[in-house]
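Each chain carries a letter (A, B, C, D, E and F) given by its place in the written order, and its residues are counted from 1.
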Amino acid sequence: MPQAGRDGAGMPMIVEDWDRLTFRVNREAYRSSEIFDRERDNVWLQNWLYLGHETEIAKPNDFIVRTLAGRPLIFCRDTDGEVRAWLNSCPHRGTVLCRETTGSSKLFQCFYHAWTFRNNGDVAAIPDDSAYEGSEGLRESMKLRAVPRLETHEGYVFVSFNPDVPPLLEHLGDAADYMTMIEQQHVSGMTTLPGVQLYSVRGNWKLAVENAMDGYHFSPTHNTFVGYLRENGFAVTDDDQYAYNLGNGHSLLVLTGHGGRISMIWEPRFGEDERARTAAHRKEMTERLGEQRAHYVADESHILFVFPNLLLFDIEGLSIRQLEPVSAAQTDVRAWQLVPRVEDPASRALRMKTVVSFVGPGGLATPDDIEAYEAVQRGIEATANERRGELDFSDMSRGMVDEVKGVQGRSIDEGAMRGFWRHWVSAVGIDNGLRVDGKRPASFLEGRDVR
Amino acid sequence: MPQAGRDGAGMPMIVEDWDRLTFRVNREAYRSSEIFDRERDNVWLQNWLYLGHETEIAKPNDFIVRTLAGRPLIFCRDTDGEVRAWLNSCPHRGTVLCRETTGSSKLFQCFYHAWTFRNNGDVAAIPDDSAYEGSEGLRESMKLRAVPRLETHEGYVFVSFNPDVPPLLEHLGDAADYMTMIEQQHVSGMTTLPGVQLYSVRGNWKLAVENAMDGYHFSPTHNTFVGYLRENGFAVTDDDQYAYNLGNGHSLLVLTGHGGRISMIWEPRFGEDERARTAAHRKEMTERLGEQRAHYVADESHILFVFPNLLLFDIEGLSIRQLEPVSAAQTDVRAWQLVPRVEDPASRALRMKTVVSFVGPGGLATPDDIEAYEAVQRGIEATANERRGELDFSDMSRGMVDEVKGVQGRSIDEGAMRGFWRHWVSAVGIDNGLRVDGKRPASFLEGRDVR
Amino acid sequence: MPQAGRDGAGMPMIVEDWDRLTFRVNREAYRSSEIFDRERDNVWLQNWLYLGHETEIAKPNDFIVRTLAGRPLIFCRDTDGEVRAWLNSCPHRGTVLCRETTGSSKLFQCFYHAWTFRNNGDVAAIPDDSAYEGSEGLRESMKLRAVPRLETHEGYVFVSFNPDVPPLLEHLGDAADYMTMIEQQHVSGMTTLPGVQLYSVRGNWKLAVENAMDGYHFSPTHNTFVGYLRENGFAVTDDDQYAYNLGNGHSLLVLTGHGGRISMIWEPRFGEDERARTAAHRKEMTERLGEQRAHYVADESHILFVFPNLLLFDIEGLSIRQLEPVSAAQTDVRAWQLVPRVEDPASRALRMKTVVSFVGPGGLATPDDIEAYEAVQRGIEATANERRGELDFSDMSRGMVDEVKGVQGRSIDEGAMRGFWRHWVSAVGIDNGLRVDGKRPASFLEGRDVR
Amino acid sequence: MTAVGEYGVVTVAGHALSRAQVEDFLYEEADILDAWRYDDWLALFAQGARYEIPTTDYAGWSLHESGSFVDDDYDLLLARVKRLKSRKAHAENPHSRTHRLISNVRAFAHEDKLRVTASFVVHRARDGQFDTYVGRYEHLLLPTDDGLRFWLRRSILTHEALPAGARLSFIL
Amino acid sequence: MTAVGEYGVVTVAGHALSRAQVEDFLYEEADILDAWRYDDWLALFAQGARYEIPTTDYAGWSLHESGSFVDDDYDLLLARVKRLKSRKAHAENPHSRTHRLISNVRAFAHEDKLRVTASFVVHRARDGQFDTYVGRYEHLLLPTDDGLRFWLRRSILTHEALPAGARLSFIL
Amino acid sequence: MTAVGEYGVVTVAGHALSRAQVEDFLYEEADILDAWRYDDWLALFAQGARYEIPTTDYAGWSLHESGSFVDDDYDLLLARVKRLKSRKAHAENPHSRTHRLISNVRAFAHEDKLRVTASFVVHRARDGQFDTYVGRYEHLLLPTDDGLRFWLRRSILTHEALPAGARLSFIL
């Protein structure tokens, strides 16, 4: 068992008990480097992954380099305007081809031997190619290496290292519409901005997923932020709010008691001028989207998780968060602010101030979440290789009393986490990873219809 | 052999030769991470471990957090005054429960979801526990996780992660009385003080054990400290001093030629005022303990090793040293000064100055010991995976010429180390870990009767 | 395959295709720690390794400590003037024996227990050796541990941890004469100087070997240095220059278009005074060596690689570079400047300025090479565990069109690298490490006769 | 070359200021922050002042138009201080141990303000980790009769990304 | 706002002292220590002076009543210097290469002494390791006619524990 | 004890110089280097000046007689700057992000020059790595009517060896 404990091989990762109504997650899932390797192979190299947003490379020839699943990539728009994802590694001897982090260029030239490539992947030049047999075949075989699959939904660019992955929309399923809702907030559509939050947490990536789907932590963990909102005339509540499993590991928190819906629901802290702009914008939305759709788009805050590496925060502004696991115990995080392409400068300034006051390592809330991931990662060392094996499990049973009855789980329950873990264990493919005691319900609630 | 060398599996760790009278230790024992893992599983998670001293948590509700065997623990005295050791990890999702290093509190509240526990382990509050089946059962099952065993001897608190470990006193055996002797030095009893030396050495923990049991290194390694004592009127000698194996891996160095016995044997460097105080105290001791017991308590310096992680230095003052292995090549060390609860302020100041002048990373002696551990750890890389396998062994043969005759080993022999290694190899349970050539004596000397 | 990819076990490391005329190297060879361990066992612990130059320890009792194959060594000249290589680890308990980096001493005394050794390896003193059986046998068995083999050629000292390695000259083969040529440049012979460049690169050691044998990178990578030479009246060319495999993994680049041949071929940047000194020296060389030998010695720049850890740069001055792999992704580099024992101070100053302007981490050229190793090491992460396995290979096919015809490869081809890799794969002994498709030539060109 | 007496004195809005005075101001702030004296820290700001930390990709843009780490107007600054003084600011309870080195201080007149640049290294010890934050101050200081006050307090990180475990939950 | 001429001058026991003078004293000490000139270092102390390094859990207590890393009265200071000058102080033979940064220097009058605080970073290279010691000085200096002298030299570490390989065998 | 007014002034070749002036010179250079303004940097050198970085085993020898990392006479210095300004200096394109701390500045008259010593730490961020270069300046400065100029700019590393990934492709 300690040996087993060392890599978690062959142990149940999840234990569901439908008699006791408990759901337990093996803490080895956060600690084990062997499980990290399996996740890399069976999830990150198989699944769709969020790469970036179209608006980051708005113009032809724009490029950004970005590491995804540990692989250095070039995310660019070629000269013809097509969005591309190339391995950032020279086909000749593997040198990082593009060493700039961002810029605009028609060509990528490797500095080592000056092989040069067009941003559509074609070989532009190989010095002295007479040294090779069949220089035509050479140019064919030495094109830039593409990430096998790339598809886009509402400006969100996804890639997969698995050529056989099903179509993106099939993968996104019910999650797709919540991305559409964000795009519908403003008639001009949305764009990312410069000023990307790059940080890294000493915690397993799944702790960041749980935290985002966990309404139960909000008032204790963010006590000071709740206080700040309260003093500014907004009474936060957790009542009548729900967490949904959207299938394929995706999930959704719908929050109606947390505010921060700039240009959709006015709050005193936004100031008087903003009040009129908000009213006007709501009017425009209703005309454009109709009463009910406008309601869903405007009046609810959403936290959407798209398995495995994308979190969308449609609350206190709009931010995109990407998770890049580095090791079992470390995760790089990247966050972009998403704003209406066209917006009143005062609203924009208010939006930027507001979103940053909440999210990111310098905000008034996110640091407490980071403290949580890191305190969990440290804390679970207490039961590593524990003889009393059952103590090395974390509890996520909240709301199983409803779940077993088929009642929709609340935001302050742990149902969204259970959905995530159930998907995770099958995706990672750990033998006997799931143990079910007692009689499991025939099915679980999935999705939510807002159309 | 190199592959074997890479993890030391299946190689003899110790080779005793009773024809040549040599004792050799495989240097893989200091280098191998696989052996480190076995030690963690078979020693640190099975044996009694020194956790801390009662006086560190003198009052009800006092707590200290401390990592032992890599596990974060809460070492506290509950509201009813009972000493406790809890895993510092929330039973809910594993968060470090108590993030303060020390303090006083009746309750421990997890900041993540505000689960709250009494310092006796009971659940005090679980917010919105209606989300769980059977909230009574929940409170039962979600109590703080205790370290399975905790026992105290003379104020020294030991714990074990093994519920089936034999009683503490059985484990301590002959070592127990030397802890009693320390307690008997002063009628008021002893207490630890604030000002804990926390440091970390780049060496295997067993090098620190060997060093403490090694009188042979004293004059060459501590040449400058010996010189300092000599200039201050004390002539250090290594004659007629012995090292004892106390069984269960414990051992004892009895030093009568090294001085520093504050308030028991006066030296010029202590100053004239101290002379009278020393005489008075010796008188009190003799009355209280009788001539002979007082002699053993007062006139000998002792260095006691309690397997596997406690060293008591009853020399140049009194200090407790705890070893916390971090990896094969790194060991965290913690040292507390132990003083009479009641003491003349001038004696106290003298004591503190004296002990620190000797022990600790800022002293005039310990740094040379640390240099030794670290120089050994670096040096043994020279023979890693050596084809001439016999060169990858360290020699600890000193005094086998006496040992084979059943003659008690001297402090400047290496008999205490041999006793340690013989116990270690059986405790760690390495197959064929011990190779014996020639005819081994039927038994070895063990213990020493001073009662 | 991903699992395989994780350590590269059982995969072809090299794929030669004689139909397509391609040569591909598996990037796992640069990344895998398992392959690093095999290299350590099968190459570094078996082969001759360059340790240092006789002139670093010019006088009896001089010593230098140096780590080779991860082993701390003492490289010294004993009192009788013999060159020695000792494991820098005390035979007693393994302490680093000599903690000074360099100096002069007849004796090495271990500080831990004062065991003392002569620089010829004999035991000089073991304090209180009566504690051991048979103190004579003890002194015999406790001599300093020598590196099993040590031989010298032209002042270059090589050692092997393998007692059964064939004689050095047999190993050096054709490489030996190029070391002789350097010695013949000046009648006084050559010496190393103080001022050793110690640095470390974040790249696999084999990338440093490839780079040195790679004339193809010179003009693009060193664009700025070429520009500097051009402005100073020297037109760099890559025409009619060749790369030779010398057997046993050794190789040679002969460059006639790159200059920097101080005191042999004058250039304007060397200044007028140097012109006369150069002419005089060339005259002396011709008298001493004869027309043709003098031509080979003086008019060609040479970059010589002696497998596995020595690079000699007879270009822009003379430097010795030693490679000490630390991990798959890190290599320590040491570089010494080699100069005539007797030289005009102005020539010497010119030489030092010139060599340093080119080589070393502060030069105008080497930093771009370091950038290359490191950019490759980062870049090849892009194809780690790639499903399209063939993409995880680097191409070294340049000049196979000539090689297949038995035509000597040019400096700007990749033939020297292919020779290196062919030797490497057999030396490391990876099962099925080499895959040959199509019909391989019966033999490859090897060596070059200049005698 | 000016005589030493007046060397290096900058006059702003009628206040003659030496580098030494600016250094003393920054050193005092550092001690206040390391001692967790947040009310005293607030007192170093002029009413309406701002506190900014751009992201590591910062290229000079306005934080009103871009993402950032900290974009506090005076109201948010008050909220931040209030939070930091609360026992419930979990990310900083227990408090980080911080240590600050401020060097390369330079001061320039900038309209009615003093533009101050400096190099900083902030060390932070917490949870057995020891983090280092490296960057540059680009402040605007307001000279008043009671001494200098922050008008814009801006910390610009040198890092390419915040390293593992680093966060800006304390004042950088 | 005082004129620059006298700005920042502290007068102690009749000695007018500027921060620059204190910095020069600390910078000179740093060079002396890095050059291993221990006799010169001793000469910077007043007779009867003390050298202290509290442990990392230090909370202001007296070292006479608690554990510590260094608790040298003048006699022990002499013994320490004698040891460091000996070839047999193995922990420092060969000598560590040290490098010191002293910043954020502040000086305050404290009875007849000058209370000086500063931030330090000491880098130490030895045995292929490169260690960093981060902390704060809280000294008491005695102004004399021959310049400043240490009355209490105290180094307070910022670390939560001495990191691996760190030791105080040299002067921090 | 000298009055503060003139305290610490060194007079060289008729130029009265204070430490503050030397610090300002070094701080300005640091900003110029961090901003990659190489023409401005070159302007800080006197004609015929040298730039030197000895190896880490440096024991005081002449770089004309030993190996070194940098041994630039004025011509090579020009070549180095030209290289650094080129887009083809691959090791520094993209540019490293550098950050400099200069402390413990001391100035001494040395014939007609000013001998300046200081401690430096240079941080360098590139390719996801964050390297630290620790060492000591030992410069010779030439006082001119237009201010100070480098006559010998020498950086001496404290490291025992350049750590992994460290290189001197930028100006240390």
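Rule of thumb we're sticking to: a contact is a pair of C-beta atoms (placed from the backbone, for glycine too) under 8 Å apart; a residue touches a chain by one contact, two chains touch by 3 or more.
Remember, it's a predicted structure, so these values are computed and weren't measured experimentally.
If you take chain A and chain F together, the chains in touch with both are C, D.
Note on interfaces A-D and B-D: more C-beta pairs are in contact across A-D.
Chain E and chain F have Cα centroids separated by 27 Å. If each chain is reduced to the centroid of its CA atoms, chain A and chain E end up 50 Å from each other.
The multi-chain contact residues of chain A, meaning those touching 2 or more other chains, are 99, 101, 111, 221, 368, 371-372, 378. Taken residue by residue, chain F touches two or more other chains at 5, 20, 90, 101, 103, 121, 127, 160-161, 163, whereas all remaining positions touch fewer. Contacting chain pairs (ordered by label): A-B, A-C, A-D, A-F, B-C, B-D, B-E, C-E, C-F, D-E, D-F, E-F. Across the interface of their complex, chain A is touched by residues 53-59, 61, 63-73, 76, 79-80, 82-83, 86, 88-92, 127, 129, 160-169 of chain D. Put simply, chain A touches chain B in their complex at residues 2-3, 6, 20-22, 27, 210, 216-217, 220-221, 368, 371-372, 375-376, 378-388, 391, 394-401, 410, 412-413. Only residues 101-102, 193-202, 221, 223-225, 227-228, 231, 326, 330, 332, 335-337, 345, 348-349, 352-353, 355-357, 360-362, 364, 367-368, 370-372, 374, 378 of chain B touch chain E when the two sit together in their complex. Chain contact summary for the complex, chain F toward chain D: residues 5-6, 9, 15-18, 20-21, 24, 27-28, 30-31, 97-103, 121, 123, 125-126, 128, 130, 143, 145, 147. Contacts from chain E toward chain D in the complex involve residues 1, 3-5, 7-8, 19-20, 101, 103-106, 117, 119, 121, 134-136, 158-161, 163.
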